[in-house]
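Each structure below appears as structure tokens.
The following pair of complexes shares a single chain, subunit A, combined with subunit B in the former and subunit C in the latter.
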Partner chain A sequence: MKPLLAAHGLTKIFRSPSAEQSAEPTTGPLAGPPAGPLDRPSDWPATGPSAEQPAGLPAGQPACLEVALEVHAGEVLGLVGESGSGKSTLLNLLCGAVKADAGQSLYRDALGLEVDLQNVEEVDRRRLMRSELGFVRQNPRDGLNMNVSAGANVAERLLAGGERRYDRARAAAAAWLERVEIPVRRLDDSPETYSGGMLQRLQIAKNLVAGPRLVFLDEPTGGLDVSVQARLLDLLRNLVAGLRLAVVLTTHDLAVARLLSHRILVMKGGRTVESGLTDQVLDDPQAPYTQLLTSSTLSL
Partner chain B sequence: MTPSLEQARRPAPDRSFDRSFDPLFDRPFDLPFDQPRTQAPPLGPAPRPALASSLEPHDGGLRAALDALDRRSSTTGGYAYLDEEAKREIRRGLLKAVAVPGHQTPFSGREMPMPYGWGTGGVQVTASLLVPDDALKVIDQGADDTVNAVSIRVFFARTARAKTTTRTSEATIIQTRHRIPETPLAPGQIMVYQVPLPEPLRRLEPRETETATLHALAEYGLMRLKLYEDVAKHGDIALSYDYPVLVGGRYLMSPSPIPSFDNPKLDRSPALHLFGAGREKRLYAVPPHTSVESLDFEDFPFKPQSWAQVCGLCGAADSYLDEAVLDDRGGRLFVCSDSDHCRRRRRTP
Partner chain C sequence: MGLGAFAAAAALVQAAGDETGRLESLALWSFRRAAKPRLGLPCAGRQPAGRKEKKMPTTDPQVMVKVCALSKTFTLHLAGPAVLPALRDVSLEVRAGECLAVVGPSGAGKSTLLRCLFGNCRLTSGEAWIRRRGRLIALSQASPRTVMALRETTLGYVSQFLRVIPRVGALDVAAEPLVSLGRSPEEARAAAGELLERLRIPRRLWTLAPSTFSGGEKQRVNIARGLVKSSPVLLLDEPTASLDAANKRTAAELINEAKARGAAVVGVFHDREVRDMVADQTLELRPIGGGRPLEELA
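== the complex of A and B ==
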């Protein structure tokens, strides 16, 4: 069976200011722009690629280097690694929110057509992002519209997707609030009055209301205390299993990864260090970095 | 019927239409506009049949709008306050606005001898269009006799020797602040709107880059969200003016702060509607016969304002009514906001 999402060679280099500065002509303030077209950074003279960096790419900090992965329908893939290992950048590259320097992110849509999210018209990408895909951010305030009511946040994708009846949009919003264990009487309240855990659940409802097939979760339980985290994980596990969602999840918490994901990809410095079935990777880590990671976990 | 208000409604003897008399300074016009219009520049060349002919089979409205602009490119030498280069630039912007109905196109707004918020956008559009054969009507909230309307009319009477009128049916150009006349508009007429905030999404999304993207991608979920919030909070869509519309099934547009009562008059109107925002330096247009749909929900349909009262002066039941306070004892009277409409109805009962 063909995968739902297949990424090949995803690479993103964040150009460092120092590299940019040294690329500027230094003959004086009136020297003018460099000779080549400005929008092709690879034309700029660079300070020289670092040893591990592939040729033909701009100088700078590699956030992701030639990452490849596959996600099948109904499968949960966990991306684990320390802060700065490129997890979040990879997630943004997969959904096309950040443009890669190289590589593809091929998504097979509901009609069975293959779409490269890295190279699709923005109008189509946005349509996919609010219908077939979802993106839950670590900070719910980034993913929610804090100026409108909770109900409006959930109804937004339905309204944008062509729902022209108020009662249907509202009923769907109420049903989803109930599903994520938020009291329906809070439907018209501003999200500003919600607690952190409720906000994250609201964001999950907002992303699932349009019936997506693939959801990206960026540290969904980061910043929540453990009891709230446990409830949220429980909810997520039930929703994912019940809706047969495919999920790509980033976390630095190996326990979260073990609970939710079927397969795991360990990242370090923008590269894939190790990948495999969750239990296999966590119980019998092969790469030295994964061994370090698993042995660093605190236990009671 | 209250005679005191009836008296207030009746304008003082209006000499602004007497072109030998300058009402601003209460004395006859001085040079050079006191000359009778014997040598008025002729109207421009006859409409070229080739113009936009490829669009003709399916869009007569666009063709009519382009022809109207084409016919108005003939004045010379600082006629109507602005220099010819400025007027040409505005007309070029209007061409683009007409070609993409509802889309805001930028123009380099000039300084006008009036503050922003007094109709600098509308005045520039009118100035770029006026030719000596035009009859100009200016209304402010429907009335011909309010300060803003009278000053703009006098401005063009002086700078363009324009023929002015208060009769909707006689006017070729109607500059308006926040109303559409009750008298149905005819083909060939041009409405010019003064627009304070051209961007309908501005209150919902402050970033210009983001609203531009939303327009480009025709993503108007944000406005639907605002309507949803209204119904959730107030039980109905709580907008009575500047009610957002979708033009030609494509662009979300602010109809300028006209009451939602006037929105239906925009839909497939035979007239050309041009919008000018002076402070924001934006132009947009609704060509003749273009669909203008007020956003709503199927279960909460668009409802223009309506009144239980009729006009206290002319008895009209189908016009937009202003409420006038008559005394300190709660005396009130509802009267037509369109003074021309009201006056003519009273004259011909």
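== the complex of A and C ==
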């Protein structure tokens, strides 16, 4: 079976003005060889071209280096790692929102055609993002239109997808609010009146209403208190299993990764350190960095 | 890892425009394929089958689980690195309808052996096979997706401790393996309810999340979850450790019923009575390296 999403060699270097001014490696506390695998903080190699960086790429901060991954239909892939390990950048590279310096992100669309999200017309990419793909942002305010009602936020996707009847779009929006456990009487309220947990659920409804095949979740439970988080995780688990969605999610919480994902990819300094079955990577970690991560968790 | 190697090779091919570079990187790729690194202790028995010569370890179609010269070593990078051998040169064979009881003192690697068979631990050397739909699957070569398929269709695993999921009730915890197989929630709940009933979990607890349950109740929910699928291979890690006499007997009956329908069982039973009721053969493990409690360290 062919994967739904296959990425090869995704690389992104964030160019800093200082690196562009002087091609030579900067000296100072940031320069020098990258620290050992367990010295912290050692997330990013020093500015400027280093031995770690593949040749032929611009100088700057490497955020993602030659990351490859595959996601199949109905599969949840978790990207874990500490802040600055390149998880969010990778998610943005996968969906094409950020242009990579090298690499491809090949998505197999509903017609079975392969689309490189890194190399597709922006119009087509946006159409895909509204229909077959979804992106749930860590801060729901980034993924919602705060100036229109909650119902309009959800119905917008349907109208953009060709729905021409207002009553049907409204009914679908109401059904989705119910599904994500938001009282339907709040349909016409502004998202400004919603709590943080409700906003996140509204954003999930907005992203799932058009029936996507692949959804990207950026720290879906970040910034939520534990009871709201448990409710959201429960919702996500059921939605993912019920809709046979493929999901790529980032999280720094290994317990969230264990609960939601089938496979995980451990990232550090923009590279993949280890990957495999979630429980195997967490219970029998091979790489020193993964062992550090799992042993640093309070309870798994 | 294989994917990473492929991507690296692919990137090399792209980067190198000329023909020599292309050949070089292709050579590197085939070298990686041929020489799959195998770390750890040399295995005394049969060498694991390479990718090219895929010899089946047995021709007996009744053999469901086979382990040959399996060794498992944990390398703890944060402690030195410390190298902790957990299993050395373990071999076993379990046929359909048979139960193998793994015995040995605490820290002998009993749980590690079951975890290796479940795909929860990587094998350091040697090989383990599980039969799925007539074919023996070699675990050291199996991709994550293959292991996932094995767990879905073939393996039933009862761990020592139930991993609770927030907000999910006992009945749904026990029914979940069937739901993920594609059965309807009603059908799955009915099957799980039957098991919970037999294991004497009061109905009023069924909708409650097991995080508030007693140790014995959690363990019984765990048994129901592990047995609900009628898996052809059962891995049981001390399923009766915290059960009272009546529930122990029920658990043993359930295991015997599974055997009667043809399941191969590998289990750790500290309880002699239960072991005598279910086991057809025993495998004794001894701690390696002074009997350190490896199960806890892992």
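Convention: the second predicted complex is superposed on the first by the 273 of 300 C-alpha atoms of A that agree within 3 Å, B and C clash if a C-alpha of one lies under 4 Å from a C-alpha of the other, contacts with A are read in each partner's own complex, and residues count from 1 in each chain.
Definition applied: contacts are C-beta pairs under 8 Å (C-beta built on N, C-alpha and C of every residue); 3 or more make two chains touch, one makes a residue touch a chain.
All of these numbers come straight from a predicted model, not from anything done at the bench.
S.K.: Kindly say whether there is room for both subunit B and subunit C on subunit A in the superposition, answering fit or clash.
M.R.: Taken together on subunit A, subunit C would fit alongside subunit B, as the superposition shows.
S.K.: In the overlaid three-chain picture, which partner chain does A:Ala160 touch, first (subunit B) or second (subunit C), both, or neither?
M.R.: In the superposed model, A:Ala160 contacts subunit B only, not subunit C.
S.K.: Kindly classify A:Asp283 by the partners it touches after superposition: subunit B alone (first), subunit C alone (second), both, or neither?
M.R.: A:Asp283: touches subunit C, not subunit B.
S.K.: Looking at subunit A, which partner touches more of its residues: subunit C or subunit B?
M.R.: Tallying touched residues of subunit A, the top partner is C.
S.K.: Once the structures are superposed on A, label A:Arg263 by its partner contacts, choosing first (subunit B), second (subunit C), both or neither.
M.R.: second
S.K.: Just subunit B (first), just subunit C (second), both, or neither: which does A:Leu233 touch?
M.R.: Second partner only.
S.K.: Determine, under the contact definition given at the top, whether A:Ala68 touches first (subunit B), second (subunit C), both, or neither.
M.R.: Second partner only, subunit C.
S.K.: Contact-wise, after the overlay, does A:Leu298 reach subunit B, subunit C, both or neither (first, second, both, neither)?
M.R.: neither
S.K.: I want to verify one number: the closest Cα approach of subunit B to subunit C after the superposition, in Å.
M.R.: 33
S.K.: Find the residues of subunit A that appear in the contact set with subunit B and again in the contact set with subunit C.
M.R.: Comparing the two interfaces on subunit A, one with subunit B and one with subunit C, no residues are shared.
S.K.: Using the touch definition from the top, list the residues of subunit A that touch subunit C in their complex.
M.R.: Going through subunit A, the ones touching subunit C are 8-9, 37-38, 54-56, 66, 68-70, 72, 75, 102, 230-231, 233-234, 237, 241, 259, 262-263, 272, 275-277, 279-280, 283-284, 286-288, 291-292, 295.
S.K.: Subunit A touches which residues of subunit C in the complex?
M.R.: That would be residues 1, 3-4, 6-8, 10-11, 14-15, 74-78, 81, 115, 119-122, 144-145, 147-148, 165-168, 179-180, 298 of subunit C.
S.K.: Can you list the subunit B residues touching subunit A in their complex?
M.R.: 204, 213, 216-221, 224-226, 228-229, 231-233, 297-300
S.K.: If we count contacts the way the header does, which residues on subunit A are in touch with subunit B in the complex?
M.R.: Per the touch definition, subunit A meets subunit B at residues 122-123, 126, 130, 145, 147-149, 151-152, 155-157, 159-161, 164-167, 169-170, 187-188.
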